[in-house]
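Chains: A, B, C and D, in written order; residue numbering restarts at 1 for each.
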Amino acid sequence: MGLDGAWAVAWMRASAAVVAEHRVELITLDRDIGDGDHGENLDRGFSAILPKLDEQPLDVTPADILKLAATTLISTVGGASGPLYGTALLKASIAVAGQEDLDADAVVALLTAARDGIVLRGKAEVGDKTMVDAWTPAVDAASAAAAAGESPARVLAAAADAAWGGAAATEPLVARKGRASYLGERAIGHRDPGAQSTSYLLQAAAAAAGEGAA
Amino acid sequence: MKKLINDPKDVVVEAVAGFGAAHPDLVTVSLDPVFIARADAPVAGKVGIVSGGGSGHEPLHGGFVGFGMLDAAVPGPVFTSPTPDPILAATKAVDGGAGVLHIVKNYTGDVLNFETAADLALAEGIEVRSVIVDDDVAVKDSLYTAGRRGVAGTVLVEKLAGARAEAGGGLDEVADLATKVNERTRTMGVALTPCVVPHAGEPSFTLADDEIEIGIGIHGEPGRERIPLEPADRIVDRLLAAILEDLPYAPGERTLVLVNGMGGTPQVELFIVFRRVAEALAERGIEVARSLVGNYTTSLEMQGVSITLLKLDDELIELWDAPVQTAALRWGR
Amino acid sequence: MKKLINDPKDVVVEAVAGFGAAHPDLVTVSLDPVFIARADAPVAGKVGIVSGGGSGHEPLHGGFVGFGMLDAAVPGPVFTSPTPDPILAATKAVDGGAGVLHIVKNYTGDVLNFETAADLALAEGIEVRSVIVDDDVAVKDSLYTAGRRGVAGTVLVEKLAGARAEAGGGLDEVADLATKVNERTRTMGVALTPCVVPHAGEPSFTLADDEIEIGIGIHGEPGRERIPLEPADRIVDRLLAAILEDLPYAPGERTLVLVNGMGGTPQVELFIVFRRVAEALAERGIEVARSLVGNYTTSLEMQGVSITLLKLDDELIELWDAPVQTAALRWGR
Amino acid sequence: MGLDGAWAVAWMRASAAVVAEHRVELITLDRDIGDGDHGENLDRGFSAILPKLDEQPLDVTPADILKLAATTLISTVGGASGPLYGTALLKASIAVAGQEDLDADAVVALLTAARDGIVLRGKAEVGDKTMVDAWTPAVDAASAAAAAGESPARVLAAAADAAWGGAAATEPLVARKGRASYLGERAIGHRDPGAQSTSYLLQAAAAAAGEGAA
């Protein structure tokens, strides 16, 4: 059974919930090595998505929801994470355009397109201590899970787990992109807020598909 | 946290509304989307200049909207870049047919959001050029990093590009002038206290009673290093050394000095700092041809100061002296 | 206490030296005794205007020296009135033969020291008139007390008297105009945080994290009452009520609004305050004909704001709009 | 034996010492109900007098010293206390002009002229919570002591004691002059800094005459 428009709606709802729940944590992480607004930015953006979800037709596709979320994030979040997450979801939407049910390969395509969108805009590489450090292991884990014949839900769960590991792995790094790059060595020991929020958003995706608790 | 605000979520909209009410002769404000434009915008045939970024740095940018400087300012939430929508709206509002220059401080968020707005403007047939300001020497620059931050030097870029546009310069000419100013501008700052973002309600960082943060940014982000408090003259010497190491001056060269308060610094301290800057530059044979001392690029109530040097030439001096009529900078009319 | 200073005893002299270096086109400074005079002083045939008082209120008074406003400013030690010597020296330096007006904020120290200086000036053949500014409604006035304090309204008296003198008004005319402005001016302030005098090294008072001081003075002296923090709009309504009770307005009357930052207040907050002032006055049918928002009469790094209303007439509007060219207030040239 | 120029010099030296010693206390009193500079103001003024005392001829009169101190205070103290103490000493100097040795009556005349000078400039009455509340009982006590035939030194000691009592008596008062008047009822419970410094200055005068420890 693939993931349909209802899943996408549930993902966005779960994302709004998980962001609201971890708002202060994300602010605190960002205060340590950035400017302390990451949780506020995402909370503003996902809160703006919520009311729009109620107005969706029953036959909405995942691509429709992803595009709606993308444009809403772009026009409400601001900062670095707004255009990055916005572009990610826009590219993801294009990658699964027209599909009503996403199978495991489609989920991998969605995640890959999202990650590539972030890299296109932000030009960060793995190891630069950004959200890319969560997205890239997530994409790799998702590919492996799909190749192993896992269900779309399990593919997302694998992605979420890998993202969490990727976020944790940002802690010892010096940052080369984003505000944390201004800190030099002083960024060492702190987790990147965007990598952390990425792992929450992927947890939300898996939970919306029935895997794991967001 | 004690602030003279109502709902933290309304800070920017209410402040912009108040600014518009205080300066009806200079600006008109839009509250949805939020931007501030010259009262006489669009000026037909003139290159429009738009800048913006997170709020909390006032008078940057809204205080510099008016004759001879910016055509529009786009304030985002406090310390957070605006989204593309208001930037696009402001760009359209000030396009007088000669194209629009975006002056963007070098932060990933600002760059990305202005980039998207520029793409959208182009799609609507407006020619846009963008100049990225990155004057902060506190941050090590490299091809592989986000690069330097744009800080108080932005004011100088805005003033001089504004003068060039007011004098009839074309889009490329104005953009090239802005680039030239940025290339000749260096800034280094220090914080004595942190600031509190309204929606966060907590200080951006904490400093002990005898500590200062050298190389501070303008968003309450931590600086380059933390050292014990020193006499003002020694702090000034530190900041100047970093600037002059990055962009050396030969004796006899002329400079514009901007001593910029971070928001909560008493004015006496700014002039104590300026006094030492002038003295130290004189010792090196550098001529202070122009100067500006005050709160121009702030971080809310942060106490601290930044020093900016702009290497002048005759062209820049002439543009600096050209009339400007904005809420925060005004001379010649 | 963290301050960008060297020896606390040198704060005023170094700041004045820096101010002079930053504004050589506008002022000349004397460091012993300390005063700041217009670069072209004395202006022959023009009434000279001298003001002064304790330092720590910058830009008051030095920032208002120049064309169309003050001829000289005499800064005392921080928050302490200057002695007669520098006042006398400044008075002599700006006497252009038409007499000199002393604008004095109503504090016992300022009044007594200016009084002595005026006596000494008279003994040297200079005609002096003094106008005492006492615009602060926080203090109950009475024949048997020291009376009200002079606070931010002083800026308005200096601007308007300066315009009258620049226009060729005689000494009595200028003094009478200053008196008229003072009589039509009312101010009320609030503090969110105290300030720290450099030589004292300790806050002037302490406020809990949720307390504000209503009716604050400009020397870190405690105010009228201490209340819990409220939303900005409610605080504004309180301050306005005190002002309008003291000097009522009929619907249709015109006012000049000065929203004055105490030094450490972020600019967004000043405009949030102004927004509500404009709204509340509109509700009462009072016309905001002119306005000024910014740090004009400060208390070092104190966070807070004062609201000043000046009841306008055609004469005062014309004088307000007249050109002024000082470090802190400039328009029309 | 009356009080000569050497006494006046000793008085000013003792005043400088006592003011320096109580600088912080006077600042604190002034911070409570004023602007926190009274100790700093007086310390600046009396410190400026000290070097000038060294240059005095041996035959200097009390009036000479009082005039020197007066003009120095006027030109260095500022604030309210500068002109007030300056005028006090100027008037005191005039009251004992030409006398080389002050007897008890001369001391009373000196103190009375000083107090009257303060009242002339500051227009405060007893009970207004100012330095006048220390000076007036001091003058009264001095008169009584002189009338009772006490020595000049004992006259000064009586004045100093009464000044101390007068200063203490300012505590329950609401102020009607000076900065404390802005506080209304909130000035109650605080001692007036100028009254306190007056009692220290009179203690210094008595100590210089050999009575009591300044």
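The rule we apply is simple: a residue touches a chain if its C-beta (ideal position, glycine included) is under 8 Å from a C-beta of that chain, and two chains touch if they have at least 3 such contacts.
Quantities reported herein were computed from a predicted structural model and do not represent experimental measurements.
Contact with both chain B and chain D is made by C. We define each chain's centre as the mean of its Cα atoms; on that basis chain A and chain C are separated by 55 Å. Chain geometry summary: the mean Cα position of chain B and that of chain C are 29 Å apart.
Centre-to-centre spacing of chain C and chain D amounts to 33 Å, using the average Cα coordinate of each chain.
With centres taken as mean Cα positions, chain D sits 76 Å from chain A.
Across the assembly, chain B contributes residues 78 that each touch 2 or more other chains.
For chain D, the set of residues touching two or more other chains is empty. If each chain is drawn as a node and touching chains are joined, the picture is a simple open line.
Under the contact rule defined at the top, the touching pairs of chains are A-B, B-C, C-D. Remark: chain A residues 27, 31, 33-37, 40-41, 44, 74-84, 121-122, 176-179, 181-184, 186 touch chain B in the complex.
Note for the complex: chain C touches chain B at residues 1-7, 11-12, 14-19, 21-22, 55-56, 58-59, 63, 78, 192-193, 195, 209-210, 212, 229, 231-233, 235, 259, 263-276, 278, 288, 291, 293, 295, 298, 300-301, 303-305, 330-333. Chain B contributes residues 54, 76-85, 107-109, 112-113, 115-116, 138-140, 142, 144-146, 149, 197, 199-200, 202, 204-205, 217, 219-222, 224 to its touches with chain A in the complex.
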